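What follows is a pair of complexes built around subunit A, which joins subunit B in one and subunit C in the other.
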Partner chain A sequence: MLEAARSTSSNNGMRSPLSARRPELFSWLLALPGTLWIVLFVGVPLAAIVMFSFWKAGFSGLRPEYNLLNYQRMLASSSFWSITLWTYQVLLMVLAGVMLLAYPAAYFIWRVIKDERWRTGIILLCIVPFWTSYLTRTITWLPMFGREGVVNSTLKGLGLIDEPIEFLLYTPYSMMLALWFLYIVFMIGPLYYSMRRIDEDIMSAAAVLGANPVRVFFLVVLPMTKPGLMAGALFVMVLGMGEFFTERVIGGAQNPMLAGLILRQIDIFQWARASALAVFLTFITLATVAIMLRFFDLRKV
Partner chain B sequence: MKISYARLTRPIAFLYLGFILMMLYFPFIIMAILSFQGPRGGHTFPMRGTSTIWYWKLFNPGELTEYSDVGEFLGNYLGALQRSLVLAVITLILSTVFALMAAQAFRRGFRGSNIVFYVWLLGIIVPGITVSLGSALIVQSLEIAPHWLTTGLAVHVIWTLPFSLVVFLMFFNRFDTTLEDAALTLGATRWQTFRHVTLPIMQPAVLTSMLFAFTLSLDEFQRSLLITGNEQTLPIMVMASVTTRVTPTLYALGTLTTLLSFAVVAGYLALMTASLRRSRRMNLSR
Partner chain C sequence: MAEASVRLLGVSKRFGSVTAVDDVDLDVFSGEFLSVIGPSGCGKTTTMRLIAGLDQPETGEIIIRGLHMEGIPPYQRNIGLVFQSFALFPHLNVIKNTEFGLRMRGKSPREREEKALNALRQVGMEELAWREIDQLSGGQRQRVALARALVVEPALILLDEPLGSLDAKLRIEMQSELKSLQRHMGITFIHVSHNQGEALVMADRIAVMNEGRFEQIDSPETIYNEPQTRFVAEFVGRNNIFDGQVSRLSDGLAKVETAQGEFLVNAGGRSLATGQAVTFVVRADLMRPRLGAETVGENSITGVVKGLEYAGSVILVVLDLGDGRELKMEQHESLSRGRSALRHGARFTVDWSADDCHLLPEVPGAGDPHDGPT
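After this line comes the complex of A and B, so read on.
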């Protein structure tokens, strides 16, 4: 998606009469309302929270006495570091799982299903949950777990287990399973889109030149679907960084990630500490996105 | 060798796709079944009889019955749904208009367009909890009363704007300017060209932007969590009730709102098909 946007903004080579006649000022005016909205309602709160993170916590809210105490406390706390590590562990597991689950799905829809109508239908079915409520989708996973949950009952019914699996309720395992299938919708769509853009001729050329299907896959298909994987991965990482709902509802609220930790500080009115944590979370989210964009040049493909 | 390979892949492929689709939709079905849980039943299996009491509770919030429970969440979900729908409609209009304007600017290119693009992406990238906390603290120190239609709207739009913009940019990426040029050459004003040439061609993108903005706004809770004020939107109310206690009322609500979402998507697809068919007939799309 980024790649598409970037190439548009840099693609000024073809000048139509439209662009030739319009002054740059007009373009600026067109972009202004939305840009202003974002600056006002993202930029200002962001700046404010950086400021508040240096304030002192008082009895009735924050006091404007600048100090580094919030950060010193945060960085000295061992639970803060273990939660940061845990956040990345969860996100990398989610990302790996989502990629492994989504890739075959997108690939099969692209290669195995021949009828265009069926193809469109199935890819649509894979994307439609994106447009339903994330909250509802999380809640629907509740009855799946637990001693008498659907997963345990099914396994028992199939004769695979005798006793219900205990670790399937309010644990990191159930959270992970739910997150995989909650986040997979962000990956299948972009992946399939990038597969559709692969030229059939390149595939045939590789085959004619003697590459077996495995080599074609690793040398042609995989590199060419990198932008799709990247777009999906960005979605998973960015939205995962802000994740606190699934952890609370499905994960049992025992192992918070960073966003969940912030929410817990807010719940006990520790705004100064919450602000410092929020600054940190925002910083590492931006850093993660920057690193991902550096690693894979989206404009290449 | 080749035949056996092909013979094997197809069943595996269909089994796998079936598995993925099952994992995506099976939970919805379970929720729908459990929404008809008996009056004494809980939010998980087993079913203790069947009833429509949870739907009744949904439509009659706060009314005590013989089945009322201590600590039961008694929020008025339908009132919240109404607010959320109003908010989603306003959000989709603002988001689509602003993003379409900006996309026109990006298409033409201007100095600093790269930076402006990344600023827009901040709407998605900056964690919702940061925006929410920052806004809440500002609102608090300025002594403004937070309200879903003011502070709520502000953060709903920042969440949907980047999605709308990317939809338009992807569309403009394979946009043919020949017709616009022809209109301008034939003496149409810029506004006439936009109104009668660009906008009709853009119709599918406008519809897609509207779908994204509407559905994303309807479900927004991370950014608006701390600044919707006393009258909650639906997602905020659901958040609150889940953290107190889950009852099958939530499943009844979830079932109805999911059906609503499906209806919205179906409406979108119908409009989209009609729009694409028309443009094909007019030979506007390649």
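After this line comes the complex of A and C, so read on.
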């Protein structure tokens, strides 16, 4: 009955002459601009990079001499594998930290803030930093954590330290902090959204059935926000795979991740090797997403 | 039926400046099916939430099975609650939903499964125990919600518009099922609804609520036939309400002068005085159309047919009496079939007897209806 009602309502909807006469042609035309755009700006560059990765690079630039050397050297290098491992280590720590930081924040906005205007305001505050560029947000940490930065001078002014704390900048710790800051909003958003979808009656039902607040959280809220956690995790992993700047500027450029390694190859004009790395990075990013999607259904978000 | 399962004493609940529940007293007996009906916003859902412990009353006491509920959170009250939205856990399948309450009570997995399957059997859902919630129809979800409430063997089950989101046919089916289930298990049911038909079918007693107070708590028959307040007369059934003054008294009959004319009313043993202001009610289905020349009752009124509404086998006729006054008449459809008189704009006379009139024990025009004797 519902199906019938739906189909009649769509029939009564907007009716353009073209779409009525040739529906298949019309929908094909609708899809055309988007398809062209993707082919032009995603497909072509991607194909070019795959092609370059089989070429040779010299001082005069790329030479179209097809070979597998770039891949052979890459896969044989032990530092390449340790950088791959390091990339995953960093991303998993970023993910864990972002989840632990974002969950209470989203929960707070959902449960504690009752006024819808305040909720919107706080969400907006989380988003505002993202109106500035990624580079600006990263560089912001320099005056904060530098030897003469805000943190050190404040602590010094309070007489808590005599010498500036060195590990605030150019260490994996400072890099981790900056990365959490960069990615937390990608977790708060989907988490808050999935929390909002939990019906108040469901919480009440659990309570009346005998669940105390702790059990309501672990048996109802947490499982029901799993799709939000996973969506946030997808964002963090995909974006983090391309992370190169934070490691350079805040992390002290000592421990590059995969994207940073690509940049270093470009720095020394190894375009072909950089391309091979880029193909590899694209491949493992897709593989990571595929594995994550196996664990949950994105349509449930 | 003697002992009270739930007792409300002077319970009030305010939300900001709105008094949702206003100094309410209520006794619900053990094993009773009580329906609380009223328009939306009358405080019935709040009353239910107060009993469940989901909201706290500002004043008054709630006593369940002799225990004072103040300070006792919902998860320690051992109550079953069925929501209109069903509020099933979407991440758990049917049996996991059903056994949730048992899991909270620390029962072993074996006992949980056994009891959950048993509860599902009672609502006819045993075969679908391992289905996911999003694979169920509305009626099936309703049954799971019921099984989930039944499985913990609560002494009290609260139902908040439990059939509200079901289609008409299923609703009627579930009404009799709910009723027989309740009889069979001997559990106290408090059922909250804006649908009087549901309450009239299922309830042992009906409490009619308006503006945070109970207007009348009685058996369905009494509520239907002898409303005690104007509000109940307006809310339950289809009634014609007449305000007037007693002009003459004889043999237990009163002649009442109203704006629509003079009518004979059976005083029903009430001692009335001449000149006394009274309000009486005549059910729409007791109004009889005058088809031939002979009158069928002591009273009659003539009007113009203004509205005709078919509700299955019953036809509702609205007569325009002039001055914006209306008279409602309900007739079996077969009685009016082929009668040319029953059409828009036709003049029409209806009759009713003095015994069909029910006097309200309320003084009309006394201002706030709460001030009248209820």
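Points worth noting:
Just so we're on the same page, the second predicted complex is superposed on the first by the 260 of 301 C-alpha atoms of A that agree within 3 Å, B and C clash if a C-alpha of one lies under 4 Å from a C-alpha of the other, contacts with A are read in each partner's own complex, and residues count from 1 in each chain.
Going forward, a residue touches a chain if its C-beta (ideal position, glycine included) is under 8 Å from a C-beta of that chain, and two chains touch if they have at least 3 such contacts.
Treat the numbers as computed from the prediction; the structure is a model and nothing was measured.
With subunit A as the common reference, the superposed partners subunit B and subunit C fit together side by side.
Of the two partner chains placed by superposition, only subunit C is touched by A:L209; subunit B is not.
In the superposed model, A:D201 makes contact with subunit C only, not with subunit B.
Of the two partner chains, neither subunit B nor subunit C is touched by A:W110.
With chain A as the common frame, subunit A serves as the apex of an angle whose CA-centre rays point to subunit B and subunit C; its value is 90 degrees, to a multiple of 10. Of the two partner chains placed by superposition, A:Y170 touches none, neither subunit B nor subunit C. Between subunit B and subunit C, the partner in contact with more residues of subunit A is B. Once the two complexes are overlaid on the shared chain, A:M241 sits against subunit B while remaining clear of subunit C. In the superposition on chain A, A:V220 contacts subunit C only, with no contact to subunit B. Think of it this way: put the two complexes on top of each other by chain A, and the tightest Cα contact between subunit B and subunit C is 8 Å. Overlap of the subunit B and subunit C interfaces on subunit A: none, as no residue is touched by both. Looking at the complex, you find that subunit C touches subunit A at residues 52-54, 73-81, 83, 85, 87-91, 100-101, 104-105, 148, 152.
Remark: subunit B residues 5, 9-10, 13-14, 16-17, 20-21, 23-28, 30-31, 34, 43-46, 94, 98-99, 101-102, 104-111, 113-114, 116-117, 119-120, 122-131, 133-135, 137-138, 140-141, 154-155, 157-158, 161, 165-166, 169-170, 172-173, 177, 180-181, 184-185, 190, 193, 211-212, 215, 218-219, 221-222, 226, 235, 238-239, 242-243, 246, 250-251, 254, 257-258, 261-262, 264-265, 269 touch subunit A in the complex.
Against subunit C, the residues of subunit A that register as touching in their complex are 199, 201-202, 204-212, 215, 219-220, 223-224, 226.
Per the touch definition, subunit A reaches subunit B in the complex via residues 1, 4-12, 14, 16-19, 21-22, 24, 27-28, 30-31, 33-35, 37-46, 48-49, 52, 61-62, 101, 104-105, 108-109, 111-113, 122, 124-126, 128-137, 139-144, 146, 148-150, 153, 181, 184-185, 213, 238, 241-242, 244-245, 248-249, 259, 262-263, 266, 271, 274-275, 278-279, 281-282, 285-286, 289.
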